[in-house]
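Below: a set of structures, written as structure tokens.
Below are two complexes that have chain A in common, paired first with chain B and then with chain C.
Coming up: the complex of A and B.
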């Protein structure tokens, strides 16, 4: 266990080094957030709001998406792991007395967490003081805030367990381009990063419910604004945990299969 | 300590001829050829040995190292290292070995070396006291003092390789596999690495298996050579036996005070002659070097004598030629 904590910590520390990337990220995320909100403000002013998703909640939804972008985006990946597999450097990882799956899992968590840690606080400090309607409103209750934090963190594990499958697919494809692009475009759509899930037609929302992606992004963000009640949120966290269990099981199984036929590339 | 019995491993390699038509055809029908990387490899290595594992590119050196370190599962044969079957009890087994792949890196590129070391400490669950003493020892013998706080990307190749070797020894392994540890290193770093390998072998009794293309590594380190070619084991013995087999000839170069007459030396073949210098090829199986020198000093006033054995490189090439690889 200490090994996994240690790799998580090292990856976190390494991520904290990339200050310029974080600065650029903050600027980009603020820009995108503002543009998205502008568009939605225009829609809502035209009276087409007919939905049960108030503008204020939508604004929180967009800002949380931008703040925790690295928690939810599937294209966010660890190129080192791809390189390990395609160039054969995995030889070293295989000489270590620890499981490869938890080792990489911890690494991916550390990477996402460090990027988010660098980005979310400055963005938060800015968006809390923007003029209305662009301002991020606080959650309705402390319970909502606590549940939001919990579901966001568990959601991170959901995303990483999906992401692990993407990384593992490289054992078969030997190239990360295709599989990651396909899954990330689809996954991000069903996570509500293109159109917020509550604004989707009802049948599409049903589809999202049965995919893992929404549980990592859409779900915690609506817990934050109180859209999802406390009771429902607890059930949601249970659903998240179920997804993690399933995805991790599939991931470990496919890693074991990959190991059985692994050919370490290169001399 | 290490026993390999009839190890064999083959790979399926996709291949096609050049050209568009062939490429299109390969979309539907893949042709594979089976490459036998290892064929019936059998040997035994005892505790505390330094073994040089040599052979041309693609001979199967790295493949054997991968089998012995548990990364690759062979198709046939058995392998026991310290009582483990490497690929079956991988996690329990790898605690006891250290591996350096000269062409790969195990250090984290963007962070200081010491961070990678700390990670290894946690991975191998090295007790704090043991880690501290091992780190001090490695820092002294490999001269890592100023390097540990530097990010890996800012190290030179030689500095990085010393750190890589240290990283593989932090957990005090009983066996060290070195796959081309001196590749690309300058003379000073090479000597430092060799010196270190000798030290840990002598003082800690670490068994070392070393692959290299640099015969001076072998000469400096390995008491025993295993030569592999086209997947089969071709030679298992000491370097001096190998010399005895192919290298009974010496080249003797003599400088002397000017002498107009060619020198007479029975049992030696003159290669060149000038009034000040002559070069002979001497078969030490027929004539002793001492006799040759005695004869020479009778005839001329010697200024300088150089006796060279055939370089190990040439011995190896002859061995390759003998086995047609």
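Coming up: the complex of A and C.
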């Protein structure tokens, strides 16, 4: 366990080096957030069609999405791992005295966490003081805040276990572009990044409920604004944990299958 | 011009070497903006309209800007990935050849897989045009063509502008995304949904409104005042390209090789 923690820590520190990139990212995310909110505000003028999801909650939803973008985006991936697999350098990786799955898992978590840690605080500092209706409103209670933090963190593990499956799929396809592109686009749609899940028609919301993507993004953001009550949130976290268990099991199994038939060419 | 066609032929052949991957990527590119459009459709299904704009009118907006953006990405890809050229020092080679730098960089890359994305924009555009009751005449058709062509020029201008920055910064800048991805994301809705400062910026600094929103008012018969004023708006796209090319010349003169 200590080994994985230090892998995580190294990745985290490495990610923290890219401060200028983060600054550009912050500007981009603020701009996108503002544009999205302006569009939603215009839609909401139409009347009561959005009554199950008040504008204020929607604004928090958009800003949280922008702040924790690297927690929810599936395209956020580690090209090093792809290269290891396609070039055959994975042989070195196999010599290490630790499991491959937790090793990569820790690496991916560290990357996402460092990038979010750099970006979320400045954005938070700005959006808390924007004029209405663009301001991010605080959560209704301390319990909601605590549950939000917990579900966001558990959600990160859900995203990474999905993303592990994407990385592992390269063992079979050997080309990361095509397959991962399609899954990321679909996954991000069902996570509510294009339009928030509560604004989807009922049948699409049902579909989202049965997929893991929503649990990592949509769920914590609605816990934040108190849309999902405390009791429901606890059940939700249980669902998240179940998804993690399932996805990790599938991931470890397929990694073992891949390892059995992995061919490393010399050179 | 002949040289540029030759560049294209070579690049097309080289990309066709990986045929399977080429088709997969093209199909993938078709579906990437598809989810964005699906989102647009669902929002309209729920809310009915957007500040007096119907779904098909907004779809027209979307089609024009996405078609222009994907065309620009196809053609101006060389400028988009220009930082690589600087880092590798390949730009030195460009300078010693007896042709203009713009042409060579433009011809250095061409992203044929973006055709999928282009097709998607074209399908949406065609659908919207089919559903909208527009009384067509030559002037309106010409305006639409001009809108798309000048939209391409604006995006190309942005690519060139940020490529020029690489002369000083060497690395590419992520902030360019605000104006390219962000610009297309923003201009896919009619501009009157935004706040004043956004509208002013995207009319007078980067004239997206001139190739999209303002001439659309004329196409849809919402404009008041003489139609010529709206028809000629897209030409602002050409005006935008000029300073970009000037800055590029300035950058080229300023260029110092990385030496690698």
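Here is the rule we go by: the second predicted complex is superposed on the first by the 261 of 267 C-alpha atoms of A that agree within 3 Å, B and C clash if a C-alpha of one lies under 4 Å from a C-alpha of the other, contacts with A are read in each partner's own complex, and residues count from 1 in each chain.
Criterion: contacts are C-beta pairs under 8 Å (C-beta built on N, C-alpha and C of every residue); 3 or more make two chains touch, one makes a residue touch a chain.
As the structure is a prediction and not an experimental result, all values here were calculated from the model.
Peer 1: Mind checking chain B and chain C on superposed chain A, clash or fit?
Peer 2: After superposition on chain A, which the two structures share, chain B sits beside chain C with no clash.
Peer 1: Touch test for A:229: chain B only (first), chain C only (second), both, or neither?
Peer 2: In the superposition, A:229 touches no partner, neither chain B nor chain C.
Peer 1: Please determine whether it is chain B or chain C that touches the greater number of chain A residues.
Peer 2: Partner touching more chain A residues in the overlay: C.
Peer 1: Given the overlay on chain A, how many degrees, to the nearest 10, lie between chain B and chain C at the CA centre of chain A?
Peer 2: Approximately 90 degrees at the chain A centre.
Peer 1: With both complexes overlaid on chain A, does A:201 touch chain B (first), chain C (second), both or neither?
Peer 2: After superposition on chain A, A:201 lies in contact with chain C alone.
Peer 1: Per the contact definition in the header, classify A:27: touching chain B only (first), chain C only (second), both, or neither.
Peer 2: The second partner, chain C, only.
Peer 1: Between chain B and chain C, whom does A:260 touch in the aligned arrangement: first, second, both, or neither?
Peer 2: first
Peer 1: Taking the superposition as given, does A:96 touch the first partner, chain B, the second, chain C, both, or neither?
Peer 2: First partner only.
Peer 1: Figure out whether A:3 sits in contact with chain B (first) or chain C (second), or with both, or with neither.
Peer 2: Touch status of A:3: first partner only.
Peer 1: Regarding the shared-chain residue A:39, is it in contact with chain B (first), chain C (second), both, or neither?
Peer 2: Second partner only, chain C.
Peer 1: Could you say whether A:141 touches chain B, chain C, both of them, or neither, answering first, second, both or neither?
Peer 2: Touch partners of A:141: none, neither chain B nor chain C.
Peer 1: Quick check: superposed on A, how many Å separate the nearest Cα atoms of chain B and chain C?
Peer 2: Scanning every C-alpha pair, the shortest chain B to chain C distance is 9 Å.
Peer 1: Considering only the contact definition stated at the top, list the common interface residues of chain A for chain B and chain C.
Peer 2: none
Peer 1: Under the definition above, what is the set of chain C residues touching chain A in their complex?
Peer 2: Touching chain A: residues 21, 24-25, 28, 31-32, 34-36, 38-39, 42-43, 45-51, 173-175, 177-178, 182, 185-186, 189, 193-195, 198 of chain C.
Peer 1: In their shared complex, at which residues does chain B touch chain A?
Peer 2: Interface residues on the chain B side: 11, 57-58, 62, 66, 69-73, 90-92, 94-95, 97, 99, 101, 103-106, 108, 110-111, 115-116, 118-119, 121-125.
Peer 1: With touch defined as at the start, can you tell me which chain A residues reach chain B in the complex?
Peer 2: Residues of chain A touching chain B: 2-3, 5-7, 10, 13-14, 17, 87-89, 91-92, 94-99, 260, 262-264, 266-267.
Peer 1: Under the stated contact criterion, what part of chain A meets chain C in this complex?
Peer 2: 21, 24-25, 27-28, 31-32, 34-35, 38-39, 41-46, 49-50, 175, 177-178, 181-182, 185-186, 188-189, 194-195, 199-201, 204
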